[in-house]
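Pasting a structure here, questions to come.
Naming follows writing order (A, B, C and D), and every chain is counted from residue 1.
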Amino acid sequence: MKKLYGIMPPIVTPFVNGELAIDKLEFNINKWNKTELSGYVVMGSNGESVFLTREEKLKLVEAAKKFSSENKLIIAGTGSDSIKETIALTNDAAERGADFALVLTPSFYKSEMKHASYVKYFTMAADAVKIPVIIYNVPKFTGVDIEVETVAELSAHPNIAGIKNSSENSRQNTEFVSNTKKDFAVIVGTASMIFPGITCGAAGGIVALANIAPNECVQIQKLIENGKLNEALELQQKMIPVNKAVTAKYGVAGLKAAMDMLGYFGGEPRAPLSGLADPDKENIKKILAHAGLV
Amino acid sequence: MKKLYGIMPPIVTPFVNGELAIDKLEFNINKWNKTELSGYVVMGSNGESVFLTREEKLKLVEAAKKFSSENKLIIAGTGSDSIKETIALTNDAAERGADFALVLTPSFYKSEMKHASYVKYFTMAADAVKIPVIIYNVPKFTGVDIEVETVAELSAHPNIAGIKNSSENSRQNTEFVSNTKKDFAVIVGTASMIFPGITCGAAGGIVALANIAPNECVQIQKLIENGKLNEALELQQKMIPVNKAVTAKYGVAGLKAAMDMLGYFGGEPRAPLSGLADPDKENIKKILAHAGLV
Amino acid sequence: MKKLYGIMPPIVTPFVNGELAIDKLEFNINKWNKTELSGYVVMGSNGESVFLTREEKLKLVEAAKKFSSENKLIIAGTGSDSIKETIALTNDAAERGADFALVLTPSFYKSEMKHASYVKYFTMAADAVKIPVIIYNVPKFTGVDIEVETVAELSAHPNIAGIKNSSENSRQNTEFVSNTKKDFAVIVGTASMIFPGITCGAAGGIVALANIAPNECVQIQKLIENGKLNEALELQQKMIPVNKAVTAKYGVAGLKAAMDMLGYFGGEPRAPLSGLADPDKENIKKILAHAGLV
Amino acid sequence: MKKLYGIMPPIVTPFVNGELAIDKLEFNINKWNKTELSGYVVMGSNGESVFLTREEKLKLVEAAKKFSSENKLIIAGTGSDSIKETIALTNDAAERGADFALVLTPSFYKSEMKHASYVKYFTMAADAVKIPVIIYNVPKFTGVDIEVETVAELSAHPNIAGIKNSSENSRQNTEFVSNTKKDFAVIVGTASMIFPGITCGAAGGIVALANIAPNECVQIQKLIENGKLNEALELQQKMIPVNKAVTAKYGVAGLKAAMDMLGYFGGEPRAPLSGLADPDKENIKKILAHAGLV
């Protein structure tokens, strides 16, 4: 199994006139290839995965694999409430080059998505897929939050490699680390948590901000690993306002607008989301400037 | 456009060894055909729609159309966050005989699923599909709640026929009725709300309980329409404990267990859900007996 | 025990320069005395109870009793998490003329405020106070929601007279009615729920809107009792936009602004709340005009 | 102004037969006086403040001051929704020896408790009280969460000394630190957050666990300050299960049971809370043993 480690952007999916623009994806990946990012997540939350058809998803995996440099991991977001479809999509993605599957916690029947259901779901999926599974916990989108006991139990499965935890709860991250074996990777899910996550034992981050500030995100982790805590915290603090702008405040539309400002292709999100209004773009520009990114 | 009115069960999807059992569906529909149910909802929340593959969904629509008697409506649950896929699936379902599409509010990007996004989503979908759309609002599963202003605006669309509202909020139902045109159908989404919904102007109910107590559900509405309020309320009160058992308390597994007890085919839900333990089945049996259903 | 029935406003507490203005209270009560309101709730949520000192609270009860006409009930909001203080304040209010105590569900330790705690709390309180208790359930302020089973058990206590339920959940109201004895009063807690509440068996309403539209609120209940459902529903629908403006949308400040527009004394709420800005007042004026109240 | 720094327990309030037991308080404080705790919080959430009368609260402050050694801070929880009462109680507590007031965010009118209301509330309170104010943010009990912008603005007030943040959100703590002046103290509110909090710049912790494991809590902070990150994290991880048992899982009753096991006086919580059942006590004993505390 490849090593799950470091900073990886959940890459945005480029659209032109609402349709996939693979050439723009190539353009972005070429730029990211020159950084120390560990890999790319295709069909993550910031990739507008829920707006894509099955065919589009597989096309994206194929393209990402093709354009990315040798040493980068390819992680494909393949989870849905249906175990059958999750397995099928994961294996199709594996055939097209995905190294890992990022599998969202099922969440439709919220009140029944507890320990037993999650153990059953992830065990059945992990048993049947050809690439290792990363559990994806993102309460703000799913409305559910996986328990420490559940992750502890699932971490013993040989084909479950880690968890991406997008909550900002450091107690939870610390527990995920201390209740799982040493090579189970706890991955933070938002750039504001790189410093608190890595200091508590996380192995890396799958973070939207890495689309536009890959070097800074990588640098926070490196500084910590080199014992330069104060510098790491300072850089982390500098990145928080940018991260909030391209996630909580303006969402995918904000992230895409920032990409356009920073030399990447961003474009507009797919309907029903909308592109940003000009005053919001101005605001983002100011925040990027204040953080020294433009 | 056919008239959207009356009581319709979101029919359970029968599985044998985890696989679709079309013969069991036929068995159930044959029984329901003898009642005054107005139609059948295929791939609703109680149909475990989120666990089905695309192929299974279309197979179900086809089968439901084939087995149902002439005068019953066929409504297919076809919504997902992806507009593209929602349109494609709806039109495929229409070709197989669906009369209406029940389209869930998109909900992944919760904080952005507000008025503008919903107007855009439902307008684009309704413009492009061949059968009328019913908006499906179910906050307990989606974590979002559509606003009255949004429903008011969407109700003007010629291809949006109504809303299924699964919340138990009577203020909201009353507003949906008073802010939409006369032939826009407000449909309650749980059997405990038939009485309060119909008295406030709702046109019917798509309710899990109608899988096992179709006559009682139909009767509540009829009694109200005939001015027999007290009798209607009494029957409503009698049904609430049963309804709670097969929805909030035991979910789909409870509903399926009750079906088995009442002469239908229920079976077990698909993984990661589990069938009920025996003590829970005993409890359901008591509740059914207390309500006079067995 | 006096009969708990009909429409009662949770009366606003008048302040001049942030201090209690008893003369303004007299002015308002004199106007309400001429209506068919059943009584007055002092220190309810709309009375800004949480901003008052203990001394101010008792002064208010005394004044309300003094100014109200003979036949009106006086209900005092006396509940807090502390059983000791709830009992003491209730008995002090009783001495000053309160007929009933409206006792909020304790809510600080949310995860522990379940069946056993509520049975213990309300039993201990009801045992020790000299006037009957009305349970006050208001999830939007407390973040807790009392269960049907709990209300059923508490309704057997001879000194617990009813429940004010401020949620808009009609299933819940129906269950409160059908699981308690005939003379246990279920009282709706917002004017949008008068129609659905009374038709489901509620005995009345303690509703903010009755501060400014007492006759309309009383009329909805009367029409239902006289079998004029359609007229009642029509009046209910007309009142919903007004009710939303003076509760959910603009809160106490909006209610007080509307009072000033309709010949009552409203004034400003106490800090940290603020009075409304002029455009918001204009909006309220339009809503009142549209409903025929000005 | 005294320096706000280090670990302080929100001390439990001892009751015998439901009444304050000042001698038991003396017993506990005598033990804590021998540790390196920085001070004591009287009438915090773990002190069952909401169950106490005003007189009891002041008696407690007086006693805590009397029994505590010279160098320990005395912090009194004095906040309520009423500004008037908050000011009065704070000043009464100050007269009895409190060094700081811990003032809960008002929370009853949740939807209106935003930036402007909080700035108004805390400014008015801080202007009028004789001892410095610590803002107390505890979303799990209040249902509200103060914004970074609000804390940033309030931190400029000369009489607002810091914030106790009981959420487990490290992004938020990092922002509280980086958006306030250097001597504004960010204090974590639960022992599971000592490591992530202190590494992100927090000045200390007001944590339930310090009632029973004062040395361990103090030690985590010291190890970090001495650059021994790995040892600190290891100790933090060891304390998390204990902390969960005496907070999230068993609440105040669990904390009091653990105190009895560890040589302090715990006793039972006040009604409507209940003491623990024996099997729960056994479970706590095992958790304490596993962590090496017994």
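Here is the rule we use: a residue touches a chain if its C-beta (ideal position, glycine included) is under 8 Å from a C-beta of that chain, and two chains touch if they have at least 3 such contacts.
Every value quoted in this text rests on a predicted model; they were computed, and no experiment measured them.
Engineer: Out of curiosity, which chains are bumping into both subunit B and subunit D?
Structural biologist: A, C
Engineer: What is the touch distance from subunit A to subunit C, in steps?
Structural biologist: 2
Engineer: In terms of C-beta pairs in contact, which of B-C and C-D ranks higher?
Structural biologist: Of the two interfaces, B-C and C-D, more C-beta pairs touch across C-D.
Engineer: If you average the CA coordinates per chain, which chain's centre is most distant from that of subunit B?
Structural biologist: D
Engineer: If you average the CA atoms of subunit C and of subunit D, how far apart do the two points sit, in angstrom?
Structural biologist: That pair's centroid distance is 35 Å.
Engineer: I need the residues of subunit A touching at least two other chains; which ones are they?
Structural biologist: In subunit A, no residue touches at least two other chains, as defined above.
Engineer: Which category does the touching pattern between chains fall into here: line, ring, star, complete, or other?
Structural biologist: Graph shape here is a ring: one loop, exactly two partners per chain.
Engineer: According to the definition already given, which pairs of chains are in contact?
Structural biologist: After working through each pair, the chains in contact turn out to be A-B, A-D, B-C, C-D.
Engineer: List the residues on subunit B that touch subunit A in their complex, please.
Structural biologist: Residues in contact with subunit A: 45, 50-54, 80-85, 88, 106, 108-113, 116-118, 120-121, 124, 140-141, 143, 248, 251-252, 270-274.
Engineer: Within the complex, which stretch of subunit C touches subunit B?
Structural biologist: Touching subunit B: residues 168-172, 174-175, 177-178, 190, 192-193, 195-197, 199-201, 229, 233, 236-237, 240 of subunit C.
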